[in-house]
Amino acid sequence: MEIEERAGLYIYSDTQLDKEEGERIEALKASSQQPLPDPDRWLDEELRRHILLTSVDAVLNWARRSSLWPVVCFPACCAFEFITTAASRFDISRFGMEVIRGSPRQADLMITAGTLTWKMAPQVRRIYDQMAEPKWVIAMGACAISGGIFASSYSVVPGYSRIIPVDVYVPGCPPRPEALLYGIKLMQDKIAKRSIITEV
Amino acid sequence: MKFERYGAGIAKGMVVTLKHLFRHPVTTQYPEERLTVSRRTRGNELIWDRERCTGCATCAKSCPQGAIRIVTSRGEENDYIVEEFRVDSGYCIFCGLCVESCPYEALFMGYGYERARYRRRELVLNKEELLTSEKKQPSGYARPKVEAALPPQTLLLDRDGVKK
Amino acid sequence: MVIKTEPFVVNIGPAHPSTHGVFRMRATLDGEVVLDIEPVFGYLHRGIEKLAEERTYTQIIPLTDRLDYLASMSNNLAYVLAVEKLAGIAVPERAEYLRVIMAELQRIASHLIGVGAFLNDCGAFMTPILYMIREREKILDLFEMVCGQRLTYNYMRIGGVSHDIPEEFLPALKKFVDSMPGFIDEYDQLLKENEILLARSKGVGILSREQAINISASGPVLRASGVKWDIRKVDPYSIYDRFGFEVPTGSAGDCYDRYRVRVEEMRQSVRILKQAVEKLPAGEVRSEVSHLVRPPAGEAYGHIEAPRGELGFYLVSDNSIAPYRFHVRAPSLLNLTALREMVVGWKVADVLAIFGSIDICMGEADR
Amino acid sequence: MTVALSGGEIAARLEERFPGSVVESGQDSLLVKSESLRAAAGFLKTAPGLEFDYLTAITGVDYYDYFEVVYQLTSIRHNHSLVVKARCYGRDNPALPSVVGLWKGADFQEREIYDLMGIRFEGHPNLKRIVLWDGFTGYPLRKDYL
Amino acid sequence: MSLFDPGLNLSAYYPGTLPPEWPGGYWIHWGVFVVIILAFVLLMAMGFIWLERREVGRFQARLGPNRVGPFGVLQPVADAIKVLTKEDIIPAKGDKLVYWLAPVVAFVPVLMVFAVVPFQDGALLADLNIGILYVVAISSVSVVGVFMAGWSSNNKYSLLGAMRAVSQLVSYEIPLGLSILGVVVLAGSLSLNSIVEAQHIPFILLQPLGFLIYMAAAAAEINRTPFDLLEADSEIVAGFHTEYSGMKFALFYLVEYCEVLAVSVIVTTLFLAGWKGPLLPPLLWFLIKVFGVFTVIVWVRATVPRLRVDQVMAFAWKCLLPLALINLLITGIQVLVWPEVLPWAVVFLNLAIMVVLILLWSKFFKLGGGRVEV
C-alpha cells in the first residue's frame, strides 16, 4: 500500500482552517455580548404546572431525572472536582450519572466545568447544539457563572450564559463535590416539574 | 505483546480488583450522609458582621478581582455608615484574602456550601443576606476562636481499616 | 498492487474524553496510522500573565492556584519563592518545612492523577484512576484541613504560609505517610506487570536523551529519558538539601518509563515527607511582611521542581505593588514540543497513550 | 547547586570570538546585539566549558522604548546557568533571529511571544499564532494594550 | 412438505424438540417461545446493565446505582424510558436510509441467536441439528449493522470505529469457530441440546484451552475489554454510534448487552454443561451459570487496559488461530485414540497440554513493531 502524493487531496490547508476558526469566534463574540436570560419561566408558573402535571409526565420526569448522562465538556479546574464527584468517594453513579458520554448526542446534561475562552466558545456552543432534546446545563464554579477571577481578561467569556442558557448555577471556585451534588439535586427537582403539555 | 510472564501480570491485577469487591466502598452517600467539612473551610459564601464592620473597605482593596462592593457615608460621630455591602457569590472565588486582611474581624468565610441557585441574580448577596442566620454559620478560616468551636473534619484516612 | 489511499484529517479535541482538558490535535491519518499531527493550543488561554500585571503581589497567589490546577501548592511555592528572591525576604524555619510538606503531598496527589489518567488512556476502564483518586482524596482532606479548600489552596504567602497547621494535622499526615507505600504497591500489583499495558507502553513514544534536552523537557519526561536532572537536587531551593531522597530515572524514554518514574517519585516523596514530619520545628510560620510588597526594581527567576517539571516564574519589578512583567515557564507547554516527533508513525490509540504519558495540564500550558 | 555564571566573563569570551556582539554585561546577565544573537547562541551552546544545551525559558518584556527578550540558559552537563538578553526596537515590526534551530524547546515559546507581544522571530519554521485566534487584534502583553 | 406447514407435528420430525406432553402444535410452540425469548432477552439485558454497573461499582470501591427502586434495579428502566423519549437526530449529510436501518440490522441477528438456545432440557424454540453452526453464522451478521452505522453517520470517528469493527470481527470469527469445533468433536453433534446432554462432566474441564480461546475470541466479538476497540471512548469517543441518539442509540446499547448475554449463554451451553446441575431446577442452574460467566466478563473489564488495533489483529492470527488449530488436532486425536478412556485422566492431560502450549507460545509469539515509517 502506498500513500499517494498529498497535494490535491481533500485536506484543507492549516491556514485556511485557522482563518475560518477565527471568523467563527469573532462572529460568536459579536453575537453574544449580552447574557441569555435564565430559563426560569417555570419557577413563576409553578402553581399552574402542578395542576397540569399528568402521570405520563411523572413517569417521564422520573426517568429523565434518574438517568442524567453528562457530556464531556471539561475545560479547566472544575473538571477535577467533577471527576472527584464521579469517583469513588462521592460517586454520582448512585444517581445513575456515571455514564459520561463523549458523544453529545447521547447526553442530557452539560456540566460546564471550567473557564470558557472565546476560542473554546464555538466548540461549547456546538456541543450544546448537538445534544439531543431535552437537555440541561449546570454552570459549575465562578468561571462558568461569571468568568470569575478571569472575567476581566481579553480572552475569557464572562459566563456560559452568554452562549447557552444555564439552568442551575453552582457557586464556588471550584465548588466542593457536595456542592455540585446539591446543584444536581436542584437540577433533578427542576426536571421533576417539567410538563410535556406546556413545554412544547 | 509477549507473554513474558505467561499472563501472571494480568492475574495479579485481577486479584487486586477482586479484593476490592470484598472491601467496604469508600462512598459517602451525600444527601443522607454528610462529611463534616474542615473547620477552616472556605464555604461558598461570605459572612459579614454588621456590628464590627467599620466600613474601612480593606476587604474590597485586598480582593484580587473587586468582587466586594462597599458604599459608605459619613456618620454623626465622624465614622462610616455602611450603606451597601454586596458580594456577588457567582463572581467571588473564595480565596479568603478579604477575611485575612479584615483588621476588625468583621468578615468571615461561610461554613455552608449548598448555595446553588436557579437564577444568576439570586447569587448576589446584599447586606441582609450576608448576616449570620440558622443556615449561615461562619467558618474558622483565619478566625482561630471560631475554629476552636467547630467539630473536627471527617477524614477518609480514618476509614482505611474498616472492613465490610 | 497499489491501492490508492487517501489520508484524512481528524480533530482530536478540544472536547475529547482523553485530551486532559481542552488540548486539540489536528491529526492526519492514513487509516489508523498517524502521518502528521499539529497541536493547537489556546482553548484555555485566560491571559493570566496580563491579569497578574494589574494585581498586587499577594493577589497574584490565587491566580497561580489556577495555573496548574492539579498542583496548586507547587505553583504557590514557585511564585512566592520568586517574589522572595526578588524582594530578599527571609522565611521562618517552620514555614519552610510546611512548604516542603505541602509541595511533596501535592506531588503525590498530582502524580496519582497523572498515572491514573495515563492508565485510563491506555484503556483501563476507570479502575486505576478511581483507586488513585481515592488516595488523592486523603491528601485533599489534609489540604482542606490546613487551608479550607480542596483544589485552589491559596496557602503560601510571601514570607511564609498563611496559617499554621491545626493540631490534628500531624497525626493524620503520619497515618497517611505510613499507609501510602502499601497503596502504591497495590497500584503496582494492579497494572505494573500487566502484559497488555506493557504491550501498549513499552517502546512506544520514545524520546531520546538528546531530544529531551533539546526540546527543554523537564520533570518526569526528562528523567524517563535518562537525564538525572531534578531541580531539588541540582539547584536545591527552600530546604530540600536537608532531605535524603533519590532521583528515579528511566532508560528507554518510552511511555512505560515515564509511568514508572512517576510511581517511583511518589515513593521518594513519601520518604521526604517522613523526614520532614520528624524534623518539623516549632515557631513562627510567617515573617512580618506587608500585604503590599514592594520589591526593589529588578528581575528574578525562581524555579522549582513541580510535579510536571521545572516550573519557573520570571518576575520584573519596577518597585511598585504589582509586577511589571510576570512570566510563567510552563513545563506542560514545553514537554509537548516533542509530541509530534513522538507520535508520528504510531496508531491513533498510541497518540492518546503518549499524550497521556506526558501528563500535561492545559491550565498551565495555555495560561 | 546550579552556578549562575557571571555575565562579564562570558562577555569577554564572546567578544573575543565575535567582536562587537555584546552590548553590555552585568553580574548575572549579558545583553547581546540582536544581529549577532544567533551566532552568540550557537557559540554558547557548543563552546567547551560552557555547553548550554538546555534552554530553560524565553520571555519577552515590553519596556516601551524597546522589547527585551530574555533567554534563560542552563547547561545540564556542567550545571551552570546564564541569562542572555537581546533587544529589539520599534513597535511596528520588531524582529529577532530565531533560535529554534539550536534549541527545539524555543519553538512554542517564540510562537507565544510572537502571538502575545508581536515580536517576529526570523527563521522560525512555523511562526503563527499559538494561543489566540486568527483575527484577534492587538498584542495583549504589550503595555499599551488595554 | 414445507418446514413451515402449520399442520405439521414437528415432534414427529425432530424428536426431542417438543416435550411430549406439550398440547398444541407448531404455531403455539412458536408463539410461546418467541414471547419467552423476547422477554428473556430484554429482561436479562436490562439485568445485565444493572448488574454490570453495580459490579463495576464494587470493583472500584464505590456503590453504583442505588437510588431508583431497591438497590437501583429500576436504573435500566429509567435509562430506557429516558433514551426512548429523547430527540432523534439524523446527521444532515449522512445516508438516511442506511443510518435508519443500521440498528435494526445489528439487533435482529443477536435476537435470532437465542432461537436455538436450550434453557432447559428440550425447552427451546427450534432444536436445529446444526445449532452451533447457525449461531456462529447468524451472530456475525450484526457486524454489517455496525459497519452500516459507522459509514452512514458521516463522522470520522464512526468510520474509524466501523473499520476496526469489521477487521476485528472478521478475524476473530476464525478462532471462535475453531474453538467451538473441539466441543463439537467431543459431543459428536452440532445441536446445542445434544451438546448439553453429552456433557457428563462440563467440557471446560476437557477443553480448557478451547474455553480460553473461546472467551478471548468472544470478548473480541462482543467488544469487551481488552478488545473494546469499537467504542474505545478514550480514543474514538463512542465509536460507530457516535452520531446516534434516542431510540436508535438505545438499540445499539441493547445490542451490546444482548451480545454479552448471547456469549454468556453459549459459553454456559458449550462449556459449563448448560442447564445440568444437581439439586436446583435446571432453569435456575442455567441462569446461575449465565450470570457467573457475565461476572467474569465484567471482572476482566474492570481490570485490564485495552490492546491496540494491530495488536488485536496479531493476537487473533498469530496466537489464537494456531492454538485453536492445535487444540482441535489434539482433541481429534484423543477422540480417535481413546474414545472410552476415563474422563478424569483426559482432564489432567488436557490441563497439562494447555499449560505447555501457553508456555511454548509465550516463547514464540511476538507482536510486530508498532511504529510505521511515514
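Order of writing sets the chain letters: A, B, C, D and E. Residues in each chain are counted from 1.
As a convention for this text, contacts are C-beta pairs under 8 Å (C-beta built on N, C-alpha and C of every residue); 3 or more make two chains touch, one makes a residue touch a chain.
Since we're looking at a predicted model, the values are computed, not measured.
Student: Most remote chain relative to subunit D, going by C-alpha centroids?
Tutor: That would be chain E.
Student: Could you see whether B-E or A-D has the larger number of C-beta contact pairs?
Tutor: B-E
Student: Can you work out the whole-Å distance between the CA centroids of subunit C and subunit E?
Tutor: Averaging C-alpha atoms per chain gives centres 44 Å apart.
Student: With chain centres taken as the means of their Cα atoms, state the distance from subunit A to subunit E in Å.
Tutor: Computed value for the inter-centroid distance: 37 Å.
Student: Provide the C-alpha centroid distance between subunit A and subunit B, rounded to the nearest whole angstrom.
Tutor: About 24 Å, centre to centre.
Student: Please set out, as single numbers or ranges, the residues of subunit C touching at least two other chains.
Tutor: As it turns out, subunit C has residues touching two or more other chains at 8, 16-17, 30, 35, 42, 45, 47, 50, 62-63, 127, 130-131, 134, 137, 152, 190-191, 194, 196-197, 199.
Student: Quick one: which residues in subunit A touch 2 or more of the other chains?
Tutor: Answer for subunit A, listing residues that touch two or more other chains: 3, 87-89, 91, 94, 102, 119, 149, 152, 154-155, 173, 176.
Student: Two or more other chains in contact with one residue: find those residues in subunit D.
Tutor: 129, 131-133, 140, 145
Student: For this structure, give each pair of chains that are touching.
Tutor: A-B, A-C, A-D, A-E, B-C, B-E, C-D, C-E
Student: Contact residues on subunit E for subunit C in the complex?
Tutor: 56, 59-62, 156-157, 160, 163-164, 225-226, 228-229, 232-237, 301-311, 367, 370-374
Student: Residues of subunit B touching subunit A in their complex?
Tutor: Listed in rising order, the residues are 25-31, 34-35, 37, 44-45, 64-65, 88-95, 113-120, 123, 156.
Student: Which subunit C residues qualify as touching subunit B in the complex?
Tutor: Spelled out, the residues of subunit C in touch with subunit B are 55, 58-63, 65, 127, 131, 134, 137-138, 141, 144-149, 152, 154, 162-163, 166, 168, 172, 175-176, 179, 186, 189-199, 291.
Student: Okay, in this complex, where on subunit C does subunit D touch?
Tutor: 41-42, 45, 47, 49-50, 211, 213-217, 227, 229, 234-236, 299, 301, 303, 310, 312, 314, 316, 324-325, 327, 329, 333-334, 336-338, 366-367
Student: Hey, which residues of subunit E end up touching subunit A in the complex?
Tutor: 53, 57, 60-68, 72, 74-75, 77-83, 85-89, 233, 237-238, 241-246, 249, 374
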